[in-house]
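Note that the chains take the letters A, B, C, D and E in the order they are written out, and that residue 1 is the start of every chain.
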């Protein structure tokens, strides 16, 4: 365990940024928090969490996959991939840290997505325990402990100090690069902080939410539930939940004619969009009901079915606070299991 | 994937002088879709056209780009060329490298570069062209003239003369319109009835002309060449076929206190009436508002005296549906109501009258048998004041902003006639300007001033105050003398502005013919197509299009007729294939396109669509009538969903051109 | 850098064959004249024209064909329209192979096979049929029931007549929807024809065709005593990545591009009814 | 108010006047209210709410619901009623199958603004006489409603409804001192560089989730041009700043003259982009150049972009702007 | 971005209505009135055919200026087209200005078929204005940059 006083945070940032790119959650002009590349003077946000999740670091909203040069009948393939620089992300919450392992299960499964892998290998995650979780937080439901957030280095902020505990090799390597600013210490303060957080966690309104009734074995009964209609009724079919979600990873591959070539890029897509599965021959998910159901079934049933029971949600609560119509996974879970209790 | 041929024209040295045509042809060869590219001295020459035709056949071209002069010059030529070689003519695009390149740029390098870019844009466009086939629609060989005034009469006679059938719909019991109420006409002072009534009779006797009098248009459907019109024949309670127009009934009718509309209420007529002696058709009409029999079932005198048995109290409005190829609007005008002009005392004094009322007072068939007497006490007026521009050129909101055009001349006419007939009468004319642009018009006005001693005073009348002694105190200013004037007049005549007939607005809506804010019909082009409405198949005749005098009206009527004849002479109309088209799957039914269409080419209907899970959805969708659409594209931009697109200039085509140019 | 599955390779169209009014078969080769990659019968590949689109197509040539790869493609959208207009020599991009393919070396081995296809549905089966013909001794009898709207709409008609019909132990049963001049074969819909043929219930069925045909044929087969575990089909859904990541082709927890496109009907039964 | 509405909705459902009711449904945290369709008095009794957090404009749901058999009751706040009227005007909603109930509104609260006041872990909120009492995981707090209102309510233009079949509560007045163009004017008075920086700062946060579009009662296209691959301008996640600009400019242009300024776009934006400033710019320009126009205010007038005067200002008026 | 030392040549897209302005451009050509080759004309039936999308598209693809020419108000071949175009473009330009994009990059000019000289003068002036502004960076799509 290491520690650094809060007032030295800027020096930590500055030293980190000397070695690699550093991102910290900071406030935008509109007061929303967002990961930004650190530069002199940028301050860590007071907000609990960022609007966009940290998945952007490994799975950005758009990225070029490949280029083509077309001339007459012939085509030339241009590999546009570049080696990623090392980067450090400071202050990732436990929920987002867990989301990386969920994304790993998709992108690192055979065949490996090299774009993702490349970024993943170059990123070091410094997580930060949640001293003041929001009412929308329910990471505990999925067995995530926001008092021990994980990542390459996990951190606690308490009594004017940041406590750092490296968990991985990358974490140790990071600690080495900034060791000049750190002092070694015992784990008592962090343990005290963890206890305090544990006490808060119990008070959270969603503390009692469980995954009972969901999982890979509940496919048929949940799929056929009559409640989907009512739940999906008001859904606007926008992609807000998907795009703020740290685990949503559906994407689209599109071609863009730049005038001097074709750029093939991928971009986030949303299963909530009406054209997501539309093809010239037909549309398997005809109404918003099917699309809405797909998203939640995927997180609560299909994903666990394929991944040893691990759910595709990390309880970050972003969809709870951002859905334009306040429909979200918690309401879905409660509603679907309403009769069971 | 198209197979595109590129043909670069040298135009002698016109193009080749500043553009390296060989380099252009070579550069365009490698554009996507191009399978053939060549250049030649004169592409428009027969030899040049043969090169194109041969290439189309040899290389199975599906699109042709010609880099040459302006498409305004030879687009039609090259389309015909393509057509002759079996290629759809709309698969031809022109890159204008003469007017837009060689003639304006001196630098060979820059010119060549630009020519290549323009060629590329044309190739990009033609790659997205689709073969277009102009539609055809049949023409119903019958015209409808709405309004039976001098404009309508003249139009109908000219159309009938060319051998086409024509119907006149007139809302009054007789045709003839405003001109029947006039006494003499300027600048020749010949009697209006003498020149008009023969034409009315011609109409009645012409077997190609059908007159629907006392009738109105109640519905119009269809489009150019193919209108279906519903005409409402108002009940006149007299069988037109039986009535001989003997007039017996109009003399025996006990209801004598009906204001005579023909004389503008200056005298009375009976409840059953024939408007005037030369009415066409000369058929009696019962005024249901006054007829005792119709109001309370007591009377029946006319039926008793009618030898022909033509009276039918049970007659109802009837509706006739008829098909027409063309419609002429000749709805004419009315003087505006002067109630708002309190300062002129029109409502307060019977001796303040309008010019049209003066026409009746002076007319031999008028209330006083042609003797000019004051309406109030039937005495001879010795001082008469004319006030010009009452409600014309007026920005105060009470009147009209435009010039009514005819008032200057008819006032000069009135003044002159009065001075001639009653030399002891002093005549004053208050005017803003005297406008006399017309053949013999200024001479006419000068005669009024110089020969007849009419007092023309530049200035406006501030107030007309009725005096206890029956005189009218006219207060006005003389701007030239810069003094206030007070004239004690016996009669004041107001030159009321004229406005389009009240029926025009609703008719315009029915015809989807556009109108200006004053309810005058708009012409398709103010200079070049003055007698056509922008709505195809609708033509304009007379004052409904804007104020004009009789000679102008008659010439416009003739012009409208010739346009109608030109249309009816065709068996089929070929439609411009570059028209808008609505994709029903994308259409929201919001009506934005309909609102901006100047031709009324867009209609909406509820259609059934397949919804999810075997449901049926009913959606309101737009459709474009190819025969009516002129292809301006206003709708395509009004449409937010992109459902409206324009064939030949589609969104994707224009964007492809943009892309090619900006590349 | 690692080999990335989303980066395609180039192939050149070496031959275009017109099969039916709306189906063409494209033969593709790498620029140096080779077959682009090895595949199993029933697998697919992503073909694309850069700037126009990319889509998944069944590889219709047999894996036993070592010279080239073929795709039979029906004209039905933007990309396929474009493909139908192209000329020999045009280059395309290809990536794959994707999907599981038919279990030709395991579950199907030694079985009597009944192929049922409708319309363009023959395309994915063609590769299996030719594979089985090539390794004729590994399988029992082969019956092929193939139907289309009309004679002209029968894909690969020439190959069926000249090669399949001549292979020993292969019985071809053709049918068209409506009577047609110059057709003396069977007339009627595929499901009914299957019932008429009354195949032995020991056969293993491989089926592909329009959804309506699959639905009724399956019902018919069940009536005849077939079990769902005996019937295989191959599916088509919208795909983008081809590797089970982009998230659009899943039915329940299965990705058609990765876990499919070949499914046994008992497997499909366990999945939500969303295809 | 809520009880009156529940009673009336139940009555109308029971007597068969309406077949369904579009209203707001309670959530878990008081503020997370969801629009919902209620089909029985029991459902109304159980879940219907009308509180300071019922900001959602329900009119857009009528595009779908009004096509169902029977009448649909919809509760409309004053601003919502304009959206409704505009939808009727554009034939998107069948007026005859809607029973519009106007409800009074004194402004709705924005939970994000409450959070911006430093409130964390909200468990419950109660409102009394314009004061909100917030119960949080970390203790209670009180806030005046007026300080945490949604942007659209803070700049409310009118508390009077455009159209309705029945009114519950009291009809309000136009807000005389509403200065909804204040921020637009402020931007206009900046230099182009400042404006550019401002908008890049705002729009660069856009994640193209389409929430603004999908919630917008003017964006009811069967298929949006941005979703239509054949339109040539289809785009999903914005690839760069151009696409962000393009999407927002074209969207604002497509709703220009039709936008009733209901403020939903700004309310739902997860990134708090002040999208209403784009729409209000168009509204302000239209008012200044072509005469005051309020979309949805009356059924007959032509929307400004499908209308013209021969005396309209030339585009060069923009060119001259800023020249003193 | 490579450094380009040669003189900046703007890309200008001119949308011209078929009936007046395109004819005016032809007349400019017939009279040999010079204007820079940077101007490329796209023929449209009427100024009201020009969708704001086209204008943004041009900027996306690297245009530095876009000008729309139509018949003088009142002279539209289709009677009312340019009146709609006038409103649309006024509002669009105002919005672009509001977003901080140089308003001088966009223009509407009414050019009749007889005004060849005006056409050439307008283009000369517009090219000059845009050249002064330099390259359009605020509304370009970086992907389209060469």
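Keep in mind that, in the parts below, a residue touches a chain if its C-beta (ideal position, glycine included) is under 8 Å from a C-beta of that chain, and two chains touch if they have at least 3 such contacts.
Owing to the predicted nature of the structure, the values given are computational and were not obtained by experimental measurement.
Asker: Can you tell me the least number of steps between chain A and chain E, where a step is a move to a chain it touches?
Answerer: 1
Asker: B-C versus B-D: which interface comes out with more C-beta contact pairs?
Answerer: The greater number of contacts lies at B-D.
Asker: Taking each chain's centre as the mean of its CA atoms, how far is chain C from chain D in angstrom?
Answerer: Chain C and chain D have C-alpha centres separated by 51 Å.
Asker: Using the average of all C-alpha atoms in each chain as its centre, how far is it in Å between chain A and chain D?
Answerer: 30
Asker: Measuring from the mean C-alpha position of chain A to the mean C-alpha position of chain B, what distance in angstrom results?
Answerer: 68
Asker: Tell me, which residues of chain C touch at least two other chains?
Answerer: In chain C, 78, 87 touch at least two other chains.
Asker: Among the residues of chain A, which ones contact at least 2 other chains?
Answerer: 70, 252, 256-257, 259-260, 269
Asker: Provide the list of chain B residues touching at least two other chains, using ranges where the numbers run on.
Answerer: In chain B, residues 596, 638, 651, 655, 659, 662-663 touch at least two other chains, as defined above.
Asker: Can you name every pair of chains that touch?
Answerer: Touch list across chains, by label: A-B, A-C, A-D, A-E, B-C, B-D, B-E, D-E.
Asker: Tell me, which parts of chain D touch chain E in their complex?
Answerer: 184, 187-188, 192-200, 225, 232-233, 239-243, 245-246, 249-250, 252-253, 256, 278, 281-282, 285-286, 289-290, 304-310, 312-319, 321
Asker: Flag every residue of chain C that touches chain A in the complex, lowest number first.
Answerer: Against chain A, the touching part of chain C is residues 1-10, 50-54, 76-78, 80, 87, 89-93, 236-238, 240-241, 243-253, 270-272, 274-275.
Asker: Spell out the residues on chain E that touch chain A in their complex, using ranges where they run on.
Answerer: Chain E residues touching chain A: 61-62, 141, 143-144, 146.
Asker: Per the contact definition, I'd like the list of chain D residues that touch chain B in the complex.
Answerer: 67, 90-92, 220-225, 228, 230-233, 254-255, 302-303, 305-307
Asker: Under the definition above, what is the set of chain B residues touching chain E in their complex?
Answerer: 70-73, 96, 98-101, 103-107, 110-111, 113-114, 117-118, 121, 514, 522, 524-527, 534, 578, 596, 598, 630-634, 636-638, 646, 649, 651, 654-655, 657-659, 661-663
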